[in-house]
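Same chain, two partners: chain A is paired with chain B first, then with chain C.
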Partner chain A sequence: MKKEDTVMLISAEGFEFVIDKKAAMVSQTIRNMLTSPGGFSETEHGKVTFPEISTTILEKICQYFYWSLQYASGKETEFHIEPELTLELMMAANYLHT
Partner chain B sequence: MGGACSRKRDQQANDANINRGVSGRYTKSGSSKWLGGSFSRASMDSSQGKQRCPTLMDLCIYKIREDINKYGTFSMLPRDITQQIFDDLVCSQCLTDTLLEAFRDCALQDLNLGEYPGVDDSWLDVVSSQGSSLLSLDLSGSDVTDSGITYLKDCKSLQALNLNYCDQISDKGLEQVYGLSNLTTLSFKRNSSITAKGISSLSGLIKMVKLDMERCPRIHGGLAHLKGLEKLEMLNVNCCNCITDADMKAISGLTRLKSLQIASSKVTDNGVVFLRDLKNLSLLNMEACPVTAACLESLSGKFLGALQYLNISRCDLKDNGCENFSKMQSLKVLNLGFNDISGAILVHLKGLINLESLNLDSCRIKDEGILYLAGLTRLKFLELSDTEVGSSALRHLSGLVNLENLNLSFTVVTDGGLRKLSGLSSLKSLNLDARQITDAGIAALTSLTGLMHLDLFGARITDSGTNYLRAFKKLRSLEICGGGLTDAGVKNIKDLTSLTLLNLSQNSLLTDKSLESISGLTQLVSLNMSNSRVTSAGLRHLKSLKHLKSLTLESCKVTANDIKLLQSTDLPQLVNFRPE
Partner chain C sequence: MMRKAPSLVDLCVHLAIDNVRNLGDVGETDHHLLERILCHCTLDQLMHIENSTADRDLSPVTDKLWKRFFKDSFGEDSFDTVVERMEQRKVTFKWKQLYEAKLKEREEATQKSLDRIKQRYHEEDAKKRTRQVQLCSKVPPSSKKRSFWGGETASNIYNTKSSIMKKSKLEFINSREVKNLAAMKNKVVHKNHSVMSKPKPAVTSRAASSSNNMIKPFRRRF
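For the complex of A and B:
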């Protein structure tokens, strides 16, 4: 996998998730960051830090990104959400426009 | 963000209503009218093809709905997220008075509880806890009473309040609205308790823009209290048969008014004179008012230069006085249906070049006069049903290239005249429900490939005529009920896969074989095969019609139980069926 095809998403605790750029672009917010001309300084290096999103939630979000790509390609499985994560996940989803 | 389901904040009369004006009369297709909303939704689904991938937000909302009992409060969430949870619970009808408690103090902006089951005074405490965040509240169709309305006094920011069909609200309830000085929209349709005294409570609501009091039979004299509402743009007192000329005098100074609806009131020509100063009036609905052509003087461009929509159907118009129509240059929509007027008045319409919709339903129109419509090239909608218009008039319509909707039902138009319509390439809807129309007439129309709605209800169409229907690939609705079809004819329509409504009733020769031909029309929402030889054994062919909501098989060898079985095993979407 070429480096420019991936992005690094960093959680509040500093945990790094390296995922396909294509997957990250499922989020409208991240897409805007990566594609807006001039850009956000941190995205030039393919890194985005989310100081308000915990590691657990960011992991879940990355799972969703890949699930969403699968869904779009016709594999319609169920996406499991743990009840205790729902509210926090929802706030992150709202922020990420996902 | 905000609007739950397909609910709209304001539910004012729309242009389509004005266009149609009298559409409720056609009982034969009336049965499908209630499906109107679902049709558009069904077609949307099909155009999208497969289902859209749910967003993470959607998934979280579903999850919350699933576990809703575990949440005591949502007040720690940002308002826009809580709003989405609330809207989802309303839309899925999962909200109860107990669950409502979780939304206390959530600073919600929109509570669209219109027609929601079980809403009563006990809900209003949580409603009012939204305080000054609440901008719009829809309680229509609820059991809320006057004492429930007292809770709203803390909702000072409220802009839109809908109390339609709340029959337990009276003048006392409106008194509580008095302090809601930010209200711009207020609606309390069909209330038989509210009187002029209640309306006097509204006199200080000077930000009011839209006020809807349709079907309030006791508000006579109340409009005098609206004099100070200088921002009022829309006023609806349709079907308030207590409204008289004096009430028109009371509103004569509301010069910002853009839309005034006074249908089925007692307003006469003398009352219409008071409307002369309403320079901004764009829409006027006077259907079924005792006015004559003499009132047209007050409505002409000299006074009401902005008038675009005029419904003056079912009034006492005669030819004499209709010359004033020529001074209504700004008119786009004119409904003259069910008046005692002849084709002689059409000469006065020939200069109304902005006209897009003209309704002459059941007027004494013959072929004479139709030539004056030839220059109205912006016409999109022309209603000539139940007139004596015949084939020789149709050549004057052949140049109306923007015409989208033409109704020639119950006219004396014959097959020979229809070829004059063959160039009307914008036509989407054509009604030829007339006994003298036959296969030959359809043969002349095959160039109209944009047709979406074709009504041949009483026309004498046989199997050979159905061959020509193949040209109409975009057809969404089709009615052929003249009795001349057999299974062979129905086979010819099996490729019209865009059909959502199909009425083949009264064709007594049709058998289960026809159902087999129909089984591929998977977009069908409504199907009527009454008075045919269809049997319960044929119902299995309908299993593929997953969008079907209405199925009518009266006077067939099919029982209600047969259909219920089909509904439970294969067609859960079915909501309306006969026999029942």
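For the complex of A and C:
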């Protein structure tokens, strides 16, 4: 993966998730950050920190991004979510517009 | 085929609806998300969620749900009465509070009825018991006069008004059979008495000996 095609998402605990830009753009919020001409500081370094999203949730969100791309390209599988993550994941997804 | 994947928010909302019975504290979840989920709750589930989410007032979302629950639980008439009263007094209460108050009122009324019924049963029971034959601890003394054939005692004979009956009763008592049976009965009674009287001295002297450490009563002295 070339560096230009990836972004780094950082959780509240400081975990760094490096994912494809394409995957990250599934989130409308991240898409806006990365494409906005205004120039968020994130776009320059390709890093976005989410101080309110825990590592477990952020990991699940990244998994969702890839699942979503897969689904859109024809491979329709089920995305399993652990019940105990439901509310937290829902709030994070809401925030990320995804 | 290019189909857009369902949003993560939607996936989570559906999952939450499926698991609504397991929800407790909903924390800081967005109003509009809560609305989508909580409208699928039963009354008990909603009560549990509100009680578990102690730090937050959910009534902006749940008031209309409680209004529906009130109507369903207590009927249109109760509902209309409450609405009228609030309008008259120019006050508004949250429907959850109104529901809880009405429930308490109903429960107290039911409890009172149950207590009244219980009380009635006790009273009826007591009445019945006064008429019942009660077991008492005293044993009637054994009487040698007790007749084998039931009733042919002296008082029975002398109280008889009819002379024919008197004569026949006397004849009966003096008949050989009755005399024999009465004699047998007397013998049996005597025997019982003698048997019963024997263990007494043994018991008392043994008790005495156990406390004084004296010689056992039945041992022979040589």
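Here is the rule we go by: the second predicted complex is superposed on the first by the 98 of 98 C-alpha atoms of A that agree within 3 Å, B and C clash if a C-alpha of one lies under 4 Å from a C-alpha of the other, contacts with A are read in each partner's own complex, and residues count from 1 in each chain.
By our rule, contacts are C-beta pairs under 8 Å (C-beta built on N, C-alpha and C of every residue); 3 or more make two chains touch, one makes a residue touch a chain.
Quantities reported herein were computed from a predicted structural model and do not represent experimental measurements.
J.: State whether A:V18 touches chain B only (first), chain C only (second), both chains, or neither.
T.: After superposition on chain A, A:V18 lies in contact with neither partner.
J.: Contact-wise, after the overlay, does A:T86 reach chain B, chain C, both or neither (first, second, both, neither)?
T.: So A:T86 meets both chain B and chain C here.
J.: Which partner does A:S73 contact after superposing on A: first (chain B), second (chain C), both, neither?
T.: second
J.: Take the contacts of chain A with chain B and those with chain C, and give the residues found in both.
T.: Shared contact residues on chain A (touching chain B in one complex, chain C in the other): 61, 64, 68, 71-72, 76, 79, 81, 83, 86-87, 89-91, 93-94, 96, 98.
J.: Within their complex, state which residues of chain A touch chain B.
T.: Against chain B, the touching part of chain A is residues 61, 64, 68, 71-72, 76, 79, 81, 83, 86-87, 89-91, 93-94, 96, 98.
J.: For chain C, which residues are in contact with chain A within the complex?
T.: Per the touch definition, chain C meets chain A at residues 1-5, 7-9, 11-13, 15-16, 19, 22-23, 26-30, 33.
J.: Under the stated contact criterion, what part of chain A meets chain C in this complex?
T.: Touch residues, chain A against chain C: 61, 64, 67-69, 71-74, 76, 79, 81, 83, 86-87, 89-91, 93-94, 96, 98.
J.: Using the touch definition up top, name the residues of chain B that touch chain A in the complex.
T.: 51, 53-57, 59-61, 63-64, 67, 70, 77-78, 80-81
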